[in-house]
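Have a look at these structures, which come just after this line.
One chain, chain A, links the two complexes that follow: it is found with chain B in the first and with chain C in the second.
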Partner chain A sequence: MMPFASINKVSKRFGQHRALDGVSLEIPQGGVLGLIGPNGAGKTTLLKAMLGLSSFEGEIDILGRSPRRSRHELMQSVGYISDVGILPSWMRVDQIIQLSASVHPNFSELKAWEILEHTQIQPKQKIKTLSKGMITQLHLSLVLAMDVKLLILDEPTLGLDIVYRSQFYQQLLETFLDGRRTLVISTHQVEEIESLLTHLVFIEHGRLRLSETMDDVFERFSALDAPSASLATVRSLGPLSETPTLTGASFIFDSITADALEGLGERRRVGIAELFVGMMGPDLRSVS
Partner chain B sequence: MPIAWNDKEPIYLQIHQYLAQLILEGVIGPGEPLPSVRQLAVEQHVNPLTVSKAMQLLVEDGVAFKRRGLGMFVADDAAELLRVELRARFLREEWPSIARRLSLLGLSLADLLEEKL
Partner chain C sequence: MNTVNTLMALGLREIWEHPNLVWRLPVGLLVINVTLALLSVVFGLNYLGSADLNLSLQTDVNIADGPAEAVATFFCLAFFLMGQLVVLSYLLGALFQERKDRSILFWKSLPVSDLEVVLSKLLTGVVLIPLVYLLIGFITFLMVALVLWMGLSSFVEELVSGPSLLSAGVLVVGDWLFVTLKQMWWGLPIFLWILLVSSVARSQPLFWALGLPLVGLLIESSLFSQTVVSSWFWAHAQPLPLAAGFDHAELLGGPMIGPDSVLSGVVALVLGALTMLGRRYCNEI
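Here is the complex of A and B:
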């Protein structure tokens, strides 16, 4: 099957700094890809390249189009929300909805209002009087009302409290994710989206450190909670990381058989957050 | 009702077990429709593809069947099929550790049967 979006050896420099360094990635239709990385890793640069918002070396193909050459056509089927996304503060909610309807061919006013009905947002309210959480809700309703095939979210829930965050993902599930539409999302709050993801990508210093389907992640990595008595044996098996616990330590292993860990502790599925810290941990520490 | 996820098995298998449980308990009877992929995805906060995968397992085992345009329905002999499968699974995966624990505690089958259920 032809991938929905493919990124081939994409690089981007800012002066001497390599923001992206030969990134290649394929996203199938219907996939939900989580892009996880520390600040400054290149997440936003990559997403902006996909949107044709910044220049880059290499090739990007989305729905058979190049964001560099056919940005306008592509934007009919791609939606984008960024952490710093700004809606005109002097406009009223009903005005921005009318404006969106007049500039975007697939925009459904009805759908936008349907989504806003579940929020506290009032049609005559000025955007500048909305809280950060409400602005994100409004932005999401605008993007979802466009009926896009690909949605790109860059840290969409940064700075929102847990109620707004969970409403945000619930809304995505209800109105967007249907197994055909595709979502790319960068975030720090990994646990909250873990169950939505089909693909996981770790990025650091502009390079991909991990790029796997979720099934392969759980196949490849395992976590082991080991009691103090078996620590020495477990360490000799070459774990990826070790975190002390009350009764021993928990370990993450890359490509190890269940047999090798038999009897050494409690084997379980690895969590995305602990895997991220486990893989990036040493580097993150050396930075700070 | 949200499923209490465990961290031992893949999510799609846990959704499969959840549906199997509903069928076994008769909450969804023979010939009745299963919840839609979308409904389950929203309710359980998981990707629709993951739900589809769980549903596919039910179809492969003959527990559910698809009606074009209408969704998934429970097969007439679904409960029996599931019982056979889950019984084998219990003996394979759960019984060994229960048996070990019983012998550790010195409990015999006779002792257990005397206990009120």
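Here is the complex of A and C:
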């Protein structure tokens, strides 16, 4: 079965700096792919290449089209929300909805207004008078009203308070994620999206460090909370990472059996954030 | 979506985004001119006071031919030139501003091709704005002429009739409509040069739009005895009435399509293609 989207040996240079280095990835239909990486890892560069907003070496195929050659046709089926407000500040809310309806074949004005009914946004308001959270709500209503097959979100909730973030993901769950539509999301707020993800990708210095389904991730990696008394024994098993706690330390293991950890502490499912920090090591700059 | 519908939607976008340039400025000028005409009549009549002035205009000159035509030409020319300045200003920011404020990332997330975007901006700048300015210039003439006519009629007998005044204006605006249409083709290389700069410049588009041709002129003049290319460029940078020395016969006469028109078309095609590439590959600043 053909993947929904395939990225094949994609590279991108900015002068001497390699932002992407031979990235290959397949995205199945209906998947929710989390793209996690530190600042400067290449997340935005990869997403922009997928949207045809950036030149690149290699091949990208989305829904049978190349974003490089058929960007505007591809955009009939792809939606995008960026990390910073990219909606034209001079426009009014009713104008941007009217324009989107005029140029997008699948856009439903009724759906857009229905979604906005649950917000404080007024039709005649100018976008520049909206708060950051309201702009994100408006942008989300636009892409949801476009009935796209693939939604690409590049840190969409950056700078939003917890209420707006919660509403954002709630809206995504209720209106978009139906098992047929595909979502690619890059974010630092890993804990918020962990429950939504079906696929996980770690990227660092333009290269993929991990690309697995969530089931495979939880199968492969284990976490252990060990008391001080068993630290030496646990360390001898070659953990991926160790994080001190009040009572001992938390460890992450790659491909270890449950039997090997028997009696050494409390075994649990690994968290995505701690897995990321564990894999990226001491060079990691930031992930929240 | 149908390309024509998309172009119309994008054209509406341009009007929403630039209301000051597209219609508020010329309407403001209309209001100012009509107000000034009204004030001049009111103060003039007030100054003349209760003097029993009853002038009879004994002349062979048909007031509709001379002064009415002159006033109509004044307003059409003034609004034409103002419109051309506005076109340059509009095109300079047309593809630059959306990159500067990053809204190009939103526009490119819509299923609209770079060709459609460039075409919509070109049509707005080269066709819509000049026609709007000419129309409002004509309306300004009509309203000013009406005010002055009403004021003068109160003490001048046998003044020109309203229909004669109107027909004089219509004839003049007809000529200027023809000039405006010729200007669209005459100025196309320059308009597309400015749009190209707008699509690729990372800052100060005006500097690049003027600076590069000036540098080209310096280089050409130092290498060759004649500056053929630069002279052609700077000639087309002037509005047609200026380039023709305001010669009525030259403005309205001559073939619509000649060797220079063909060259303008070829240059415009090349610059248009480069502009599309600029829009395609140059994203947010």
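A few notes on this one:
Everything below uses one rule, namely that the second predicted complex is superposed on the first by the 283 of 288 C-alpha atoms of A that agree within 3 Å, B and C clash if a C-alpha of one lies under 4 Å from a C-alpha of the other, contacts with A are read in each partner's own complex, and residues count from 1 in each chain.
We take it that a contact is a pair of C-beta atoms (placed from the backbone, for glycine too) under 8 Å apart; a residue touches a chain by one contact, two chains touch by 3 or more.
Please read these numbers as outputs of a predicted model, since none were measured by experiment.
Legend: residue contacts after superposition of the two complexes on their common chain; A:Val163 is shown touching neither chain B nor chain C. By the document's definition of touching, of the two partners only chain C reaches A:Leu51; chain B does not. In the superposition on chain A, A:Phe218 makes contact with chain B only, while chain C stays out of contact range. Ranking chain B and chain C by residues of chain A touched puts C first. Of the two partner chains, neither chain B nor chain C is touched by A:Leu246. In the superposition on chain A, A:Leu173 makes contact with chain B only, not with chain C.
Of the two partner chains, neither chain B nor chain C is touched by A:Ala232. Shared-chain residue A:Ala258: touches no atom of chain B or chain C. Across the complex, chain A meets chain B through its residues 30, 32, 169-170, 173-174, 177-179, 195-198, 215, 218, 223, 267-269, 271. Only residues 48, 51-55, 71-76, 78-80, 82, 84, 86-91, 95, 99-100, 102-105, 139 of chain A touch chain C when the two sit together in their complex. Only residues 5, 7-11, 37-38, 41-42, 44-50, 52 of chain B touch chain A when the two sit together in their complex.
The touching residues of chain C, when paired with chain A in their complex, are 1, 5-6, 8-10, 12-13, 16-17, 98, 101-114, 116, 281, 283.
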